[in-house]
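You will see subunit A twice below: alongside subunit B first, and alongside subunit C after that.
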Partner chain A sequence: MAGETVLVIGGGPAGLEAARGVADLGYRTVLVEARDHLGGTPIAASYAALTHGMRDAGEVMGEMAAAVTGHPLVDVRLGTRVVACAGAVGEFAVTLERRGARETVAAGAIVVATGFDHFDPGRATQQYGYYQYPDVITLQDAEAMLKAKRFVRPSTGEPPGRVGFIQCVGSRDRHIGNEYCSKVCCGIASKQAIEIRQLLPACRVFIFYIDMRMYGYWENEIYWPAQERYKVAYVKGVVSEITVKGERLLVRGEDTTMNRPMEVPMDVVILSNGMEPSRGTREIAPILGLRQNKYGFVETPHDALDPVATSVPGIFVAGAAAGPKDLDDTIGMAGAAALKAVAAVRRAAGATPAGAVPA
Partner chain B sequence: MPIPINIPVRAAATTAPKKTVFRPRPEDAPEDLRAKALELEAEGEWIVQRVPEPWIEVSTKYGRVKKVPLQHTWHHKSCGQCGHIPGYSTSIFWLHRKLGLEYKDPRDQTSCTAWNYYASATSNSAAQAAVAMRNFAAAYQTGYYPQIHCATSYGHYKEVRAELCHHKPLRDQVREILRKMDRPFVIPEEIVHYSEWVYAVRHEIAKRKVLDLSSITATVHPACHYYKLVQEDAIYDPDVYGGQRTAIVTGVVEALGARVGDYSTWFDCCGFGFRHILVQRDFTRSFAVQRKIETMRDEVNPDVTLTHDTGCVTTLDKSQFAGQAHRGATAAIPVMSESQFCALAMGAHPYRVCQLHWHAADYRPLLEKMGIDWRERWREFEDDLERLRKDSGKVMTWDDVDAEPVAAAHPAHLAHGGR
Partner chain C sequence: MAGETVLVIGGGPAGLEAARGVADLGYRTVLVEARDHLGGTPIAASYAALTHGMRDAGEVMGEMAAAVTGHPLVDVRLGTRVVACAGAVGEFAVTLERRGARETVAAGAIVVATGFDHFDPGRATQQYGYYQYPDVITLQDAEAMLKAKRFVRPSTGEPPGRVGFIQCVGSRDRHIGNEYCSKVCCGIASKQAIEIRQLLPACRVFIFYIDMRMYGYWENEIYWPAQERYKVAYVKGVVSEITVKGERLLVRGEDTTMNRPMEVPMDVVILSNGMEPSRGTREIAPILGLRQNKYGFVETPHDALDPVATSVPGIFVAGAAAGPKDLDDTIGMAGAAALKAVAAVRRAAGATPAGAVPA
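Showing the complex of A and B:
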């Protein structure tokens, strides 16, 4: 029944947590995931350890997935996309499509949890040569190697002696229109730097940054250990280009602390690429009639005070579909979205809050 | 001891290898200002001058199609080309003539003033936009379509278009200025650089080439103001550098059958830098020589470096004296525009048309390698000059350019060995 069901779109961290939350509140959940597996980007992009806490990403996502697949109130639809939506809060009619077959399900409320895509350095920032040099990789490329516990130079298969991260690739960049900070890249780069040093104690690791943004406990859990225990070198400056010198990459730019140009040889360069709205987010917003902000993320009334509501009553958003979010934000938003979705369903069905006097 | 999450464990499912092929997506492109300009036309804000037929469709950075008109073009010339490297624009005209494509060389174009604008030296947005719209109006009133020779004017006009599209008070202000000049308020459907035209006709040029260029290695310097300003409007081709750099110039060199040599500092400015060339000229010279020319020499040792903008040709070419002056050595890589290179390939006269005597780095070894008898061509040119000196007020014409070689050698030419 529409009045007892919440549709959750997206099976990543936000969608899984929202589905679990709705079900734990005693309401039916239809969880729709376009991929053929749950776990979202952490699984699809082979994340290693999660920031922060350093727990294995596959293990954590497995736990979150199991919490919904085993729940009697959660109906998981894999390989399924939302293609149409009609109605309003309390009586949405949502058309799903799986392998060409369509089905309409009724839902009282909807939670959008369609996540983000990693910025593709081929789209801009070509001066870093991501598609030109095999040893220039992205954070998710590095994650996949770290997950396999085998971090090598892609061109040779040998362990690197020097690795450099370049921060803010595709983020905080007015030139390409992504003015926002992607929030997680500083933490993930520092986390990966630690993991590389753990795997390859002889490897020197550098992080080239504009300024490091370490939220809350990341400061003491990641940032200081990276420097003090793992001897990661943080270099404040702007990298202008990556070229090749001999067998190595050459990072060229300006060291703004020393106020001079720099040329630093590297075996591997990791581009700390930021977040952009996922294809799913871009597709679902017009289908549901959701207002998007200028970057394409789902717009909310207020990022801090009302972070999960959208421009459509009865439709809520959780996680990186609403903008760059870390896992802390995502799980918190998912809980709030589940709560508000259930409240909307109850209100639409005529229920009143306990103690309230019906009008 | 962490608090356990009270749910079972499951492992990861997939791995994600590094992406090796870039696929541009039209949805990644910023707003299409051409569509916005047409919307504003529908609202009565201005006139959009349509690209005249026939046009060639080329692909831009995010896979959008751009229309490049083949002929009936109004040639917005470059101050620096006309002043320092006149064979640049002459070559563009010569190519049009040899391809049988009609054009107009107007006498009433004004400078775009963008150099000083980018050097933070002068002007404001209304003045900049008024100059741009004045030139567009001048083209429109002739019925011809603007083709812009200078990458700085080209990039700047595209930035002006963005400002005008988004800012109604600016539109109103500039429209009023145009009204006082008794000019229409008109913007072209596409803003087209001459090098886009060369790219569009590269296969026609290749069909008409008379020289074998297979032994020639060229490096390409893409002009910043061509592809770093309003970057979504620049020409890209997935088959050229994997779609990771603009295909302009490089696509032309490949079509002509020459070899393109890659070098690491392709992304760097030529050194011109707008403000630097005005107030820090030594920096410009050092940058051009050390970061560009010497890098090309060390990594590729090309026969020529080709580019497609005024400032780039002049800076890369005329900075090479600095290395020689300071260290007694120079990389000596000839520098020219791809339009001059195309013209040479099609048999253009290196002095009457391409006017290489205005260039500083020694281009003669390149001409010899291309199979051009530069001594004989120089003799012909000196004969031209001698004839013009005798007839005060006479200038060189297209008839002179197309004239057959005169057999008799000039005595002065023989006296100094052809130099």
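Showing the complex of A and C:
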């Protein structure tokens, strides 16, 4: 029955987990992904190891994708976008487009799992010279090198002797309009710092930060070892600009612990760029009539008490489409969203309290 | 059918949400709570406002409790403890005890939602004088005063002129064995700082911290306003002891931003004590055969990729039983755990992919 189908939009970790969850409850899912492959940002951005557990991103996402592509209740549509939506909970009619061809599918409920985009550090923070200096890179550029197990200074192809991370690039920054904390960059930078030290034991690694925001796994398995075992130097400070001195980059700013100006030479600077609403989120919200918060993420009006409910009954959100999330958050939300979507379908179909949806 | 029942252990936010989730999918739940009331720690510890949204804790927990007590598929057992468990997924036999009387119930899957206990700051951190000075209190003591809308200096009953929070009491502290970050204390202290400033506009409020760990809601709605609108003074520093000078407390330590010793007089000092495994978690883990991590929280062997799975198939965990969580985390995990529990029950009962459990 068409009204018993849940449409899941997005084939990254949140969407894959939500689709599997719906199917594991015995309900049909149509999983729509704009890209031509599943796996979302971890695959599209060439992530190396996923935290926690440092398992290979390709392997993990491959397993998650296989769980849905092999499931008889999941209908995967790649290279497909949602272009229109009508109806309400229990009877949404959603128009999909693939290579110019349109089709309308019926769904009782919808899960939005459109993820995030990485902040473009060239857009508004050009004091860091991302488009000017080849040795100024992003977390994603670094991740791709770490995936290849070869971390070099881009301008020379040689191993760097000094690497510095700059935290909160595009986050906690009122000037560019992103007051929010992107939540994961402290952990990802620290993880990469460890990986660089493992690959290049002679390389010195610095992290320039405002607050190190790590908890649970990140604190115990990443932050303590980064400091103690891997001797990563954490410097509480504000970096105001990056210039060049001789053959090296020069990180200039204020060391707020020592309370003095700092000028630190680096071979590679990694900008810890945060999360922004994805193109998919920006496109889908008006199509589905979802309210967005002032940053463009999908609004969750009940906040912590129902973190997956949106402003539209029967439409739920999972993962970073609702704002910066880590993988824990994303997988938990995906399960919760799948449950709420199936419950909404059941209610709309007039489920009796005692059990199954009437035929 | 007994094997289609999910046993939920714990009647706080995680357990209530999990029980409602299972019931919303049309499956039966037995919800076991050791206390004589539902609502968990927010009720037992007299929380005032729940974040996000600052809604009254009693009202919110009352609504969550009503959703399960009024549900025909949920069987609530108050004043009841789990004392034994046999069997495996699909056919657990769980012995409950209430006032000396025992009963065995059948369950296909189990959700552990036994929450956390607040760290006792008298246990190992007596340099803060919690049991010595009446004006040294905990976040929970402060919460109870804020609930009553009357925040006073306990020794005099008068409004304080200076209040200081000390962060990371019982957290990020290798000396006492709790290396982990408790995740919520930065946010709760900042929320309380705002509430104190609202009640007592003449009172100066300080927060002594290592890192302020706030993201999403906490950063945007709490941390920025606390600094800008409510003029809460955040001091990066390490407090080594609390003594008395004249009629006031004296907070002694090092201001690590100014890089100098500090001695700051206070009328009230609030210890931001973190989370520890609850008595319920410590009791239930060996009964169910669950592995615990080195702190005593329920181990989640798949970490972020399946944050609700435990070491025993068919037994899932939601909320702070698995380690420090905020309310967002807890509610998301509860939904995910409810889904996984129902999926496990369905699989154990030989569900066909296409739908309902065979009768």
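Convention: the second predicted complex is superposed on the first by the 354 of 359 C-alpha atoms of A that agree within 3 Å, B and C clash if a C-alpha of one lies under 4 Å from a C-alpha of the other, contacts with A are read in each partner's own complex, and residues count from 1 in each chain.
Definition applied: contacts are C-beta pairs under 8 Å (C-beta built on N, C-alpha and C of every residue); 3 or more make two chains touch, one makes a residue touch a chain.
On a predicted model such as this, the values are computed, not experimentally measured, just so you know.
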For the combined arrangement obtained by superposing on subunit A, do subunit B and subunit C clash, or do they fit? fit
In degrees, rounded to a multiple of 10, the angle subunit B-subunit A-subunit C between CA centres equals 110
Compare subunit B and subunit C by how many residues of subunit A each one touches, and report the one with more. C
Just subunit B (first), just subunit C (second), both, or neither: which does A:K183 touch? second
One more residue to check, A:E219. First (subunit B), second (subunit C), both or neither? second
Look at A:T104 in the shared chain and tell me whether it touches subunit B only, subunit C only, both, or neither; answer first, second, both or neither. neither
Now for A:V342: first (subunit B), second (subunit C), both, or neither, which partner does it touch? second
One more residue to check, A:D120. First (subunit B), second (subunit C), both or neither? first
After lining up the shared chain so the two structures overlap, which partner does A:Q198 touch, if you call subunit B first and subunit C second: first, second, both or neither? neither
Looking at the overlay, what does A:T156 touch: subunit B (first), subunit C (second), both, or neither? neither
Just to confirm the value: shortest Cα separation between subunit B and subunit C in the superposed three-chain model, in whole Å. 5
From the superposed pair, tell me which subunit A residues show up as contacts to subunit B and also as contacts to subunit C. 53, 60
Interfacial residue positions of subunit B with respect to subunit A in the complex: 2, 5, 7-22, 24-25, 27-28, 30, 62, 231, 241-245, 264-265, 267-268
Of all residues in subunit A, those that touch subunit B in their complex: 37, 39, 43-47, 53, 57-67, 70, 120, 122-124, 126-127, 129, 131-132, 134, 137-138, 140-141, 143-144, 147-148, 154, 177, 240-241, 243-245, 250, 282
Residue ranges of subunit C in contact with subunit A within the complex: 21, 23-26, 50-53, 55, 60, 71-73, 172, 179-183, 211-217, 219-220, 224, 236, 256-259, 302-308, 323-324, 326-329, 331-340, 342-343, 346-347, 351-356
